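Each of the next two complexes has subunit A plus one other chain: subunit B in the first, subunit C in the second.
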Partner chain A sequence: MKKIIMLINNLSGNVISSLILVVILTYSLISVENMIGSYRYITFSEYILSNESLADSDYFMLDPVSLNMDEQYNHGSGKLINKISSFKGVKGVADSSKTAAYFRSSVVNLDFYNRYMTEAFNNILSEGRWFTHSKNSTDCIEAVVCGAIFNDLPVGSKIELAFPNVKETLKVEVVGKVGYPWYAPDYFSISDEVSSGDFLVEANFVMLDDNESNRKMLPENVEPRSLGLSFFVLYDNDCTSAQRNAVRDLYESVGSYKSYDEILKNTHDKIQKDLITGLVTPIFMLAVSTILLISIAVMTVYKKLREHTIYYLCGCSRRQSFLYLVFGVSIPVFISVIINTIYVAVKINNLASGVTGYEGVIFDYNNIWFGILYCIVTVTVAMILPYIVFRSNTPVEIYRRNHND
Partner chain B sequence: MIEIRDLKKTYTIKGSKEKVNALRGIDITVNDREMVAIQGRSGAGKSTLLNIIGLIESYDDGEYMLNGIDVSTLSDGKAAKLRNQRIGFVLQDYSLLEKYNVKTNVMLPLLFDKLSSREIDEKVNRALEAVNIDDLSHRKVAHLSGGQKQRVAIARAIVNDPSFILADEPTGALDTKTSGEIMELFRSLNDEGKTIIIITHDPIVADQCKRKIEISDGRIVSPEQVEK
Partner chain C sequence: MKIFRLTISRIATHFVENKLIFILFFLGILASSITIIFYYGNLFSFKNGVYDDFSEIRAYTINLRIPQIIDKDEIIKMAEYEGNCKIQDIIFSSVLDENGNDSIKFDNEDNKTSLYFTDLTEAEIIGFGGHKFMIVEAYLNNNANVYAYPEPQIFNEAQQHELVAVAPKNKPDTIKIANKTYNVVSKQTVEHYIIPVEKLFSSGVRIAQIKIYTENKLSENMMYRYSDYLENNISKKFKSTDVYVEPPKVWYNTENDGNKMGFSGITAIAAISLIAFMFLLKYMMLLSHKNNVILMMVGAKKSDVLKIVILENIILVTGSVLSAVLLHSILYQPVFSKVNIYGNIVYYPMDYLNIYLIILLVSLLVNIPFFVGYYKNNIREARNRQL
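On to the complex of A and B.
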């Protein structure tokens, strides 16, 4: 304890500048971590979308004013999907129908995926398998689960889902899981700049195969519906330009579309734009922190030279003396890293327990590595100048200057 | 026991190529429990000699054995350990950490040793009692008088129970009465078994030591070392 106090004493005289450093560095590290979280998300979503099934596809976005609400939510979109599916050259429409259920007293999304949906997003599966698409012969439906609430369930588990105001439950067997960060596909975005990041949402999901027998297993009054506002349309391998153009003409009559290549281009543009705009502040702050740390290191060494000469007289070696200085100078950096780690730990804990949700970021302990690496490099760099000062003003030199006759 | 044979030390003055021969071949033997005064005018080389004896500086040529250990073979770390456990320093300017209290200053050498907090406290209290300043333990050094500061320096020098106490002009900044008290303290430490080497140009201080060695121009000029 006494030694630690002595080490901390190495910072005395630079307390205010060290506090400023702690604030700036902590803010910069948190900004960088959030930036890394966003970058990881967009590259993760790009990976999810980099799927052969989607390579020849269009993302269709319905213009909300082209149909009335009744048409949109009840029959319109279904009709539209059927119409698109009937076009020559169209392999299918990747779409899901939605309803809600309860698991462990929490609301979960119950999504019925058609086979094109599972094809289009098969990259999201981290454990187990997708559905066999065979007719269900038991009272248990195959399900793929995603979300914090299902994290403790191994593949093979059987669970029961409840429904609001209905006594009957739905038994499902977990055949596959979507791992952390628990993002599952969802079509929300209607935009000219739609990118891969717009197709995922973080929530608790139970995904089921959309077939007649599975739907029959649902209690009465529970009817999954497709929002059908937007979806991917997959083309056959031998789809001709004329066939594709015919479908695209239809899109344009009721909405708009983006080809898969355009979505990838938008994704790359977004990554670049986010990096440029998102990194400016943290990089500036990190540069300020580095300069401040170097200044503190130099000031500390100059201020403490005489003190360290006394330590030397009392039996402290030069190496030990320099290490004490390094430790003293590193204290603000340590404090920032500790605050930062606590922030990350609390955030991860809140995300994992579902206390807070998150969109557009991937946040785990991997995000702090950059910060730690930065701190190690910065402290090393910051100690080069003081090391030179320390070398040329050794305790012997100082002592001789003060005491030799 | 300190045995020094033909010790030489040359400095190069910073910023020029000029060399200064600080020690030109010193031979000294200091036995255990001795109290020796090293005298000489300013620039004679007596502080350089003390620095070498105290393992603060290295030497260029010659031989120096400290309790049978050839100090030229010691690494920086081992020299520091020996300095920590075997040598205590008392300097004219006290070399204390002014902004800290007496206790913190006295415990400094113990912080570089592997001791528990309890052992540290015990040793510090013993050292403070030995120099009669146990009532000042929580006072800031900056608020003490010169004599009190020098007592703190002596307490720090003896806290680790070293064999040797090296004092460089320990009474140089003190009045006659306080000087007398400090010398009395050194004599009692010597009586307890400590080997004491005092550098001084004050003949009154030198006279209170058991042996006097005079240095001039880096050489011993009183080879007949008079035992008192």
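On to the complex of A and C.
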């Protein structure tokens, strides 16, 4: 108890500054963590897209302004996809049909992937394998699962999915899993600046092979549909530029497109821009908090030196006395680190329990290491000056000088 | 002058006797000031120019509740105002039925022209007032870079005199307007059909909306004056109940809200970071308490001592802020302009002066309790404290 009181006593002269330091440092560390989370996400999405199948592809975006709802519905039902697939030089269109199901009383996305979709997003799989594309011989469909709700299921386990207002269930066998951060492909973006980060969504997904026999296994009223508003078009290796231009003319008549290289360029631009703009706030704040921490350390030594000479005369060693000072100065930093760790823990916990989902960030305990490292280095640097002051005078000298004052 | 000299000598003493504290205070205020300068440029919408390139903040819309046949030249003359209010372009719009004929009746409240200009995608399918319709636009100056789409210049020189049109994507290659066939020369991401202005007026269709774009964003006061001017002139021409002018005030309000938010943000950042370093200044001033006692003992008034303390505070803060301004302006091109959240932020001397005044005001406010404490102390208390 005595030691704790002595520790807290070190801060008694700088309470307001220490509180402000806690606020600024906590805010800067949270900004850094968010920035690291965004950076990790965009580089992760870039990794997912760096795939041989996608290397020769275009991302097509239907222009919803130029179509009315009926036309959009018709395109969504596959007319446009079939038209594009029939062009020479086109290998296929990576598309999925969607519906919803229930698992453990929660809604999950049930996506039927065509074979080009599994080729295009091969990298998302972290465990197991993709579908064998063979006809089902059992009453169980092969599935790849993604999301917090499936986290405890090992590959090979069999689960049942329920559907709203339908008695029948669908039995699936987990043959593959998408691991943390549980991002799966989903197309929504229609933009000139589309980047790799726009193709992934964090949610609970069950992905099935899109074939007739699998569709037949679904209850009668459940019909997966493709939104068909945007998709990747994969080209054959021997596709000529004339063939490619013919397909692109079709895109231009109903929408727009971005080539794979343009998407990668947009991604790199976004990474650079996000890094620069995302780092500014934390850097300014960390600069202010570093100077503030050093100031607090120096002030604490100036104000408390006299008291510490008395501790020395009462039997406390110089080393122990200095350690009290170090711990005293570290308290605001320590509080900030604890608040940050709690913040990250709450976020991860919410994500794992499905309470909230996050877009465009990857959050885990790896994000806090930079903050902890920064705090250790700053506290060390902050204590160098007080250490010099502390070492350059003996306690007796300080006591005499202060007594004479 | 004596007070000023005394203050300077005290600051010199601080520097000599408390170098470390002095440097930390200087660095702290410098870092805080640069942070404040950065956010001043990026948080205030009048600085970051978010709205400057935004066409709608320069758009004055004249809505005709009942479409009218109008004289183009008369409208151009009417749109002209004072010298600094130059016209960039004027868009004339007509609401036609789905066959391109001017047959829609606007004779009741449920069938207002303004309804046709809202949420077009929905309206096109369900129709308003029982009609499916199309909107045809014509740009007086061929767009003149008002919008990036469909093109900075919509039609080339020859096309401006031909029966040609720009259509939304996925529409047919020809359209009929007032019984004349127009060839679609381009399909773009646009919501309406666009035809040359000459052809719109020669077709004899009624105009439902006129949108005037000024070359530059007007000041808020000028925006209201120009809007009133249009309203007065247009009311003389048409029945006042049939027409109303919609100035871009909603965008000015949004910009003002952004500026208010920016001011709160700047003040909060300034207050937090300055309070954090003021304890160093307070410490330095407490160390010079002995000098204050001596000054008071030799006859200095309490108010004079307080003046010295306040002046000391002002000079120290001014020195740090000036250094920050100097550093920022020197490093702006190579460093700070590259990390701006918004592009094209230019800092003028007036901006730096504003920032200096904000910081100075906050620093004085933060030190008020300290100054009050100083003023309340009488000479005996001050001397006893010193002993």
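As a convention for this text, the second predicted complex is superposed on the first by the 392 of 405 C-alpha atoms of A that agree within 3 Å, B and C clash if a C-alpha of one lies under 4 Å from a C-alpha of the other, contacts with A are read in each partner's own complex, and residues count from 1 in each chain.
Note that contacts are C-beta pairs under 8 Å (C-beta built on N, C-alpha and C of every residue); 3 or more make two chains touch, one makes a residue touch a chain.
Values in this document were obtained by computation on a predicted structure and should not be read as measured data.
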Greater subunit A contact set [subunit C / subunit B]: C
Partner chain in contact with A:S256 - subunit B first, subunit C second, else both or neither: second
Partner chain(s) touched by A:V23 [first = subunit B, second = subunit C, both, neither]: second
Which superposed partner A:I276 touches (first subunit B, second subunit C, both, neither): second
First, second, both or neither for A:R319, with subunit B first and subunit C second: first
Partner chain in contact with A:E220 - subunit B first, subunit C second, else both or neither: neither
First, second, both or neither for A:Y311, with subunit B first and subunit C second: first
First, second, both or neither for A:N14, with subunit B first and subunit C second: second
First, second, both or neither for A:V298, with subunit B first and subunit C second: second
Residue ranges of subunit A in contact with subunit B within the complex: 1-3, 6, 9, 12, 307, 309-320, 395-396, 399-400, 402-405
Subunit A - residues contacting subunit C, complex: 14, 16-17, 20-21, 23-24, 63-71, 253-256, 276-277, 279-280, 284-285, 287-288, 291-292, 294-295, 298-299, 302, 385
Complex contact set, residues of subunit B against subunit A: 40, 42-48, 51, 54, 56-57, 76-77, 79-81, 83-85, 89, 91-93, 95-97, 99-100, 107-109, 111-113, 117, 120, 156, 160, 168
Subunit C residues touching subunit A - in the complex, by the definition given at the top: 20-21, 24-25, 27-28, 31-32, 34-35, 38, 121, 124-125, 168-171, 187, 189-191, 272-273, 275-277, 279-280, 283, 338-341
